[in-house]
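The letters A, B, C, D, E, F, G and H name the chains in turn, as written, and every chain counts its residues from 1.
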């Protein structure tokens, strides 16, 4: 066997070297999700260069996460029609595909809102419908039960929670939908910046809970979008 | 000021040196709970000697925890009328006071039963009533709601849970009773022998949750007994 | 069985959706403690909105913790008669119930004062009397013995300590009162921001010690208030 | 609002109290997965009792995980036609539904086989097709590329890996299928019984990776089955 | 400068290569403590060979720690006059120097006895007097105060404690003697095999506390012996 | 037995309540070291008040650690003759006792200098002589050997080291002096803010090493001063 | 670009599927080290099958690590001329290449011997010369200096150490040879099964230290062999 | 044996005491790498003094790492011809030796660039050739395969990666070159500031991976330079 007989991915290996980065141009074709620019460790100019490089290579939607205010300004200066969500810290140039399906995004508390916004923006950019219901933590468990019809109507549920991270366990016991659990760094002391919630979700007493990294709204959104698209294929 | 002017505890300082231990004879008078023998690191003979020493010093009830089978046999050989609970791993010689009040002991799953049994035995030995309802984990949250009348009737609630340790958060949102939370070492992997449940309980999103050490049914029972006795004083 | 046969909590499930939050309006009726606004992750405007929402829903006392200076100013601008404690970082609008009972709040050192202030403010807001004695760490154990009369006069004892967190073990050996132990993040190096004190308190060699999260003065205050009210019911 | 207006789950709350456990009889109807008996902390007799209880309540398939040899023998003694997989440590009584769809299960090394077997058995019991390809770790990355056609043909991919846990990152970069990553406790030293692989998978540089607890083949199987069934609904 | 001008230690560098080990023959002359055989990872024959090698090289006392029963038997078979302490797990051949000074060894509980025995044996072998008082944990703090005269009479105090490890903080507040603190692995759950006690001792709120490794009675004994000898030089 | 029969410490229990603190006035008489003000968590005014309170109570030397620039200025404003060491962050009012004995303070690297300065200032304030030799890390082990004469001339050795923390092990193998090891937070990455050095020192392969908290130059100085004074009593 | 233009590795991708494993037959050609069988998680029959598969595929030397006694017996039963090292737990069938170069393997203590034996066996199997010097820990640092001529004569140095793991820092300060550091799980308490030594080595104050996993003698041997061969190419 | 008979290193022990540091002047002669100034914890003036001291002692190249902007300015003010790399935070005075050999430096992502720059600068200063290829993370594994010719042409490969740290495992499976793995603190949440990548690299499933501290580009560069020079000796 040789590398060229390794299957259908073999001709989706183009890269674009733009100096500041080596863009994985075929990632959308290979994986359904384009290379998304993580603006976190980059200057505004670098993020703009990456977005431009992706558009030059033919992307219909070029997209960045962890976008702070200066970067947002730089993106809007270059592309006045760009979309920027300052809470989600997400920006994109171009038009997302029309939405299919629907993902329900729940938060345990108000402080989990920024991460939930990143989930929602990721779903929109991925062409998947999103419904958010906030502040349904288990300290008032009737709030969870009240969203049962919303859960039943969704293709998947993303649950965003910090502190004790107990919400996914309760939701997963109510539904046959997959629960994508996002621990957040909300809390103090023994919350250990999200570690408590992460461990809670990994050891959830109900099956059907899948976990992403602390504060990783982007990853949860990509995963939920794949589940929704798969159900509407 | 001198030590002898330090208040009412000053004449409750007798000890009994029995060689294998220095018994704190006045602990029951000082704290309401006698020195209880932790049989864990002791030989059967040492545990028997400690119980005998406490009885010699006038205790009405001499009591040991973490009692394994050989120690239980040694206790029964010496005091045929002793009470031994092999699941709770508790043994005592003498008669507990008649029960006052009632504490509700909940478990999240069947595997938490041994710790719950230690709670129950501690309550009994402390002269407090106990009602147990097992297997009401949040994966079927209706089971929690179903015990709401029991919660309302109790002086305090002890919640025993391993894995995600999510049950105390839900219970505390339903009641004005104090919730004494006992994380257990039940689980595997990211449960880290009770650490996950411990952190969950410490960061519970509802106030009114107080936490003891992992698998510490004895400590939870003592605390709940004090709450109950205080309510019926 | 159906959800509506789940007991007395079933009609205490109102929520008020005020946009920025979904207020659990019946929490005070259900649990004895109202939903208290955690101002930590909120803007001053959001905290004010939450307090207003709670008052609109009929709360006699609307209350926030982790209140910084700008939020305190915003609260006072809206309600000039509000009470603000800048050390405890607590604010409330309305009048707390008249105090019943008494809780003793001890600190190991001066640096634990802010957390103890949060305990005290929580007790006051909860309608429970509070007596504070500061700086009684075990390095001068006679200071602990000197408060024995205060301990004997209290319904419960809250012990606030950082660094080695040894004070609750000593106090619990002197009394039949419950000890609510609050580890603080005071210290450096191997104190690991409160972890050392937390582990010490969880493994206290005397029973009767119950633990809350690091720096969680609010949780300790709520719990101690319930014990005191239960003793004076 | 009252509990009985909380949506479609409200009449799926039956439980069966069989003494040793409180079976959540409607869990299959509510969540698509029945209550599965975790034989880990139970005696053979207790596991048999639970399986019998589920069958008595009408289950078409009663099912246990973490089944050791004595428990397997007890199950076969009671139900000679039961299915037992000693590597996966899974047993069931009854006939699984006919398989729909297909999930690809990959292992990084031979030692990950037992966990992969639990994934496969869970898929079979859930009525979903399964294809396993073992020993495709990234130390010979051509082995990963060689399974690209299998990945393309699957509804979802479960990747089971210990030690460095690097395989899911590579697989997720090749496909638009969801990758369910299962860290295993295989390894020594800095593998820290699966912690290294767990952290690797949570921080995977490619999106589309969702993580379950260490050695949790059951949870991964349930999740992958839901994805596959959702795609073939 | 060259190595040979590096001071008075330069001619204390003999080693004896006995195959199974490379004995540091001059260690007693250099450091006041001979190379002591750690029998933990060695066969009985290896420990005997090491002891013989030290005696052959002129040692007046050859000495081993962590001696289990088979090793003790092998030592006694070779040297019938050897001294073996099965609780301390220490054995030696030869006669220790006559004792000077006195070190007080305190334990918090009976379970700390084996470590305290290793401290005591080390002191004896080092030619320093030892007085032990056991079971003076802070849950009955009067027991600590009762040993104040013993503390005042000692050259140094070794405090052995597991679980919360709070005893050294209290002792150090009572005396100008150095406190050598030995955390033990006694306890369960959040004791984390001695970690809780170790952190407590490192963060002791009283100065004058010096810490050794968990269960390291040998190291504590060597250190205390040096303090005592230094005071009587 | 009663508290007043608890020995010679019983009349050394005065405290001075100055509002901001409860000063342990007799600590110097009891322990040889006065209560030293930890300025870390205090305002300049609070530190000044504590120092004044100690002087009012008769202290010959009032002393604070972790003194930052504003606090140093406040001390000097109140007592122009005060001594301030800005590197050690130590200040005192009054005159230390004349020095007896000598402690050698070694650092592994230049970055450990601030902690070593705190050791040195503590020794001076305690009336013990101090000699410092810096930058003798084991990467150039001849530098360690070169200080052998200094080690031989000292009453005790304090070794201050960050990163790998290996220096105490080497020093302890060269001398019969006690080695007080101070791990520092110098380093990055796997140094984990001093944890690596702390563990190294606790597991030192040579006996005679005693460990204090990370960056705790004060504690090391107090301990070394006691050793030195004990040798010159 | 396509996979088949990815360079010289492209035709070294054969695998042999022997049922129990998928052997990476070309690994020796690609990486200079064949696939070595990790016998740890395998039955004796599986290890024998893997070795046979490698020989069938043309390997001149088939080789297994972590070989316990039953597996060693099974290997010798199948290939009576096989080489088995019971201390190193290594077995091989065939003849290693003649040795080139020389690697020096140092241990800090006798207990590190088994890991050092695995290093030595790996070097021999890799066709590289090996010289071992044991028991040269830094508690007698003259022992380290005494091996300076051996260090100077070696192509690389492997240092095996547990407990404080301080030896590599000292060795690296003496030589321009690379130091491959192997932390071992030797020790107790704060050694945390090799974690202390691992952190020490990662933070070594001398450059030129490279670290492998705890107890990973095989990895250290492979790396040192590559350095030695590279120097003699 | 005496220290002066300890081998060839014995006359390479000069130090230069410049007040702020004790320079190990012969380190270059002993180890092939001079003492390099870690500017991290030093003032600009101290770093300049150290560089001057090294030049005064005859160094041909005086060199500092972790150089921030003020220090860079101070170096250039003193030596206008100095070389400063602001990304690598490295500065040197003098001319590096002409390069021999070649080391390939790979990064997984753009954010790892600063650490890779430190590796490259270290190689240049060490007189070894360097080729960098950035942004070849395993999420697009074809990018790794595309550098196979570069790997084959190199004397050693340094792989710099944060987040999951999976790249070294893949590279090591493609080559017989040693892989020096540098975990970086790039990432968030469960990346735990480089811990996840560190553990991944330590447990890499392919041998030939050697690990340095998190973000330690200097250490990786020194090690790779030694390998390259050794191959071209």
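By our rule, a residue touches a chain if its C-beta (ideal position, glycine included) is under 8 Å from a C-beta of that chain, and two chains touch if they have at least 3 such contacts.
No experiment lies behind these values; they were computed from the predicted model shown.
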Numbering shared by both copies at the subunit E-subunit C contact, with half separating same from different: same
Chain of greatest Cα-centre distance to subunit A: E
Most distant chain from subunit G by Cα centroid: C
Pair joined by more contacting C-beta pairs (D-G or A-D): A-D
Centre distance in Å when subunit F and subunit G are each reduced to the mean of their C-alpha atoms: 45
Centre-to-centre distance between subunit F and subunit C (centres being mean Cα positions), rounded to whole Å: 36
Euclidean distance of C-alpha centroids - subunit C vs subunit G, Å: 57
Touching two or more other chains - residue numbers and ranges from subunit B: 1, 3, 6, 10, 13, 15, 27, 109, 139-140, 142, 145-146, 172-174, 189-191, 198, 202-203, 206, 213
Subunit D residues within the subunit H interface of the complex: 108-109, 137-141, 144-145, 163-166, 169-170, 172-174, 187, 189-192, 195-206
For the subunit B and subunit E complex, residues of the former touching the latter: 3, 13, 15, 20-22, 24, 27, 35, 38, 40-42, 46, 183, 185, 194, 198, 213-216
Footprint of subunit A on subunit H - complex, ascending: 110-111, 134-136, 139-140, 142-143, 145-146, 186, 188-191
Contacting residues of subunit C [partner subunit B, same complex]: 1, 3, 6-10, 27, 30-33, 36, 142, 145-149, 152, 155, 172-178, 180, 198, 202-203, 206-213, 218-219, 222-223, 226-227, 230-231, 233
